[in-house]
Amino acid sequence: MSAGGGARDLAEAGAVLAAEAARFASFGWMRGTSGNLSVVLSRDPLRLAVTASGRDKGELTSADVVLVDERGAAVQGGRPSAEAALHARVAASTGAGAVVHVHTVASVAMGRRKPGGILLRDLEMLKGVGQPAHGVEVRLPVVANSQDMAELGDRLEAARDPRMPAVVVAGHGLYVWGADPRQARHHTEVVEWLLELELTGR
Amino acid sequence: MSAGGGARDLAEAGAVLAAEAARFASFGWMRGTSGNLSVVLSRDPLRLAVTASGRDKGELTSADVVLVDERGAAVQGGRPSAEAALHARVAASTGAGAVVHVHTVASVAMGRRKPGGILLRDLEMLKGVGQPAHGVEVRLPVVANSQDMAELGDRLEAARDPRMPAVVVAGHGLYVWGADPRQARHHTEVVEWLLELELTGR
Amino acid sequence: MSAGGGARDLAEAGAVLAAEAARFASFGWMRGTSGNLSVVLSRDPLRLAVTASGRDKGELTSADVVLVDERGAAVQGGRPSAEAALHARVAASTGAGAVVHVHTVASVAMGRRKPGGILLRDLEMLKGVGQPAHGVEVRLPVVANSQDMAELGDRLEAARDPRMPAVVVAGHGLYVWGADPRQARHHTEVVEWLLELELTGR
Amino acid sequence: MSAGGGARDLAEAGAVLAAEAARFASFGWMRGTSGNLSVVLSRDPLRLAVTASGRDKGELTSADVVLVDERGAAVQGGRPSAEAALHARVAASTGAGAVVHVHTVASVAMGRRKPGGILLRDLEMLKGVGQPAHGVEVRLPVVANSQDMAELGDRLEAARDPRMPAVVVAGHGLYVWGADPRQARHHTEVVEWLLELELTGR
């Protein structure tokens, strides 16, 4: 997509996000109308396509997308979710090209059990988020929830482990990111798999 | 749909309910021939389209629907489920435009564990049923089951929390409602998600 | 289908059984090549169409079916599973028109926990297998497994509760029956739902 | 497929492996880009078609396949996974015609609980991996993980029970094999079913 982020780019991004959302919805990770996905269309200025708020995430079309700026304010398209501001902040601070926010039962259940963070170690699946499979303990951070996106963003940045492209928001769900929508999808699948494993106990 | 609730409206409502039922059936929430869905076609007099009884809920057609009155008696179409009376009562007392009744394992399992009601708090997903995500304890009521729809309706009305568009019927399943079939679907997905979360324990 | 059970009837029965098997396979209840389904084509003499042995149950065609007699011996078509004899016996002794045998995790897990039988009570879902929803304790029998179909059939007949169209075979899976393939499907879904509920504990 | 293992054979093998991978991916057993599948194209010299590395396993095409030799080195096609060497070794040492490597939550969870091996007994499903259903205790071996494929292969060969076409790699996943891709699929489904059963406890 061109750096300009025009109407055509936005529709293309909307089509990609709709397909990704339908996939996550089929896993039960976007129940109700929960969650939202984004992809970066330009870096300078920062512009993201974010899925429209309040829609069934299994039924999005390429038009169900909003172009937002670095503060999550709408540049083009309808009303973005308040969480668009957090997508923009994650994209700015991590350099990610795509951000996934889903509400999975395993992430909220594990956030309850391990409010100080979820320690992961000696798991081949860690390679799927760029971590070593052996000998290193990795922390998946858990941050407290907030309705104030600036506050939630501060917590996320403070807690974020640069080696781990994901954060659990307690009582809420997951934020995961990657270089592009496909990598963000794979990171999300890997993190959720790790959480489902930990949920089985030891 | 017009207020008259004619044959064409009934078939349209049947098509909507068949699609919603197939969706819930695919989640395993309508096993056997369990559960039923309804949508209000007129308010005065109250008329609801309710899914026909005894059919596989993944295989309904637009014809598998009955028009019932405020007591759940058939006005048009075949034999309604006895539970149609409860759908009508929920629609009348709550003002809902659509009612979902499904049999989920999580709702019956949690009804057993928490017969006095399921307390929910500090969960972002509560926003999906119009509740605050922070600082307020919300009760998802659990009522005793009955084969007498008047009795079950009395219990449901007595226990119902006006802030929560759902009630668990112990040993039975869920009643959930919303302004229209899509909102009722989203409320159902949110309530079931909350129940699945609570089922993982703490 | 005519009482004669000719080639055309067998192919029709094969098509019905293939569709039912694909449905159960999609639920994960026929992993590997496990399980088999049957439908009665004639009563006197008893003739059943049974799914062919050793095939992937999600990929059956209408030709993947065998016509067997009251002892489970092939009358037409390929090699039947040894379990065809048990299908025939269930059909003869219960009067059922269709028999479902699936390997579900919940049935084997619950058979381990409750080797003397699984007690069920005060569950609306019991109505789905013709039982009262209130006040009566129903036993889902559990019988020991055997590779000798005569022995297993004896155990099944001795343990069978005439009110309950299903038996758990310990370490093995479920036998469920009904008047026709659709009712047998619904009974299977109901019994499995009850087992999944009990597996969540209390 | 001819013993020569030409371009056409490789594309045919790629199509088979893509379909098998999409199936396993739909079960959630190949999250992220995890796992890989192979099929033997010739025995002397040993040549295997192995799924390409780093791709979404639900979206493979017939071109997403690499031809490797007995050491797992590429003979034709792109970059193979390092694990291709283990596929080749399993094929060589067991005589299997197809190898499945998937990352399932149940295999890693059970490998944690039973690091000395998972004992299975008196389960009809054992017949699905060629074991007796009664009276014999079968061990599903668990081996320690390694990034060194020679070391991991040594462990796998040392631990392997010739009666059981599968090994759990601790903290990693499952290796399962069979005479051809369909049998390897069925063995995988059976082993995973057994692990899911054991995970429910007793």
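Points to keep in mind about this one:
To keep things simple, chains are lettered A, B, C and D as they appear, and every chain counts its residues starting from 1.
One rule holds for everything that comes next: a residue touches a chain if its C-beta (ideal position, glycine included) is under 8 Å from a C-beta of that chain, and two chains touch if they have at least 3 such contacts.
Computed from a predicted model, the values in this text were never measured in an experiment.
Rotating chain C by 90 degrees superposes its CA atoms on those of chain D, with the angle stated to the nearest 5.
At the interface between chain B and chain C, under half of the residue numbers appear on both sides, which makes the contact a different-residue one. The greatest centre-to-centre distance from chain B, using averaged C-alpha positions, is reached by D. Spacing of chain A relative to chain D, judged by their CA centroids, is 32 angstrom. Multi-chain contact residues of chain D (touching two or more other chains): none found.
Two chains count as a pair here when they touch; such pairs are A-B, A-D, B-C, C-D.
Chain C contributes residues 28, 31-34, 56, 103, 105, 108-109, 112-113, 145, 147, 169, 171-173, 199 to its touches with chain D in the complex. Chain D makes touch with chain C in their complex at residues 27, 122-125, 128, 133-134, 182, 185-187, 189-190, 192-193, 196-197, 200, 202.
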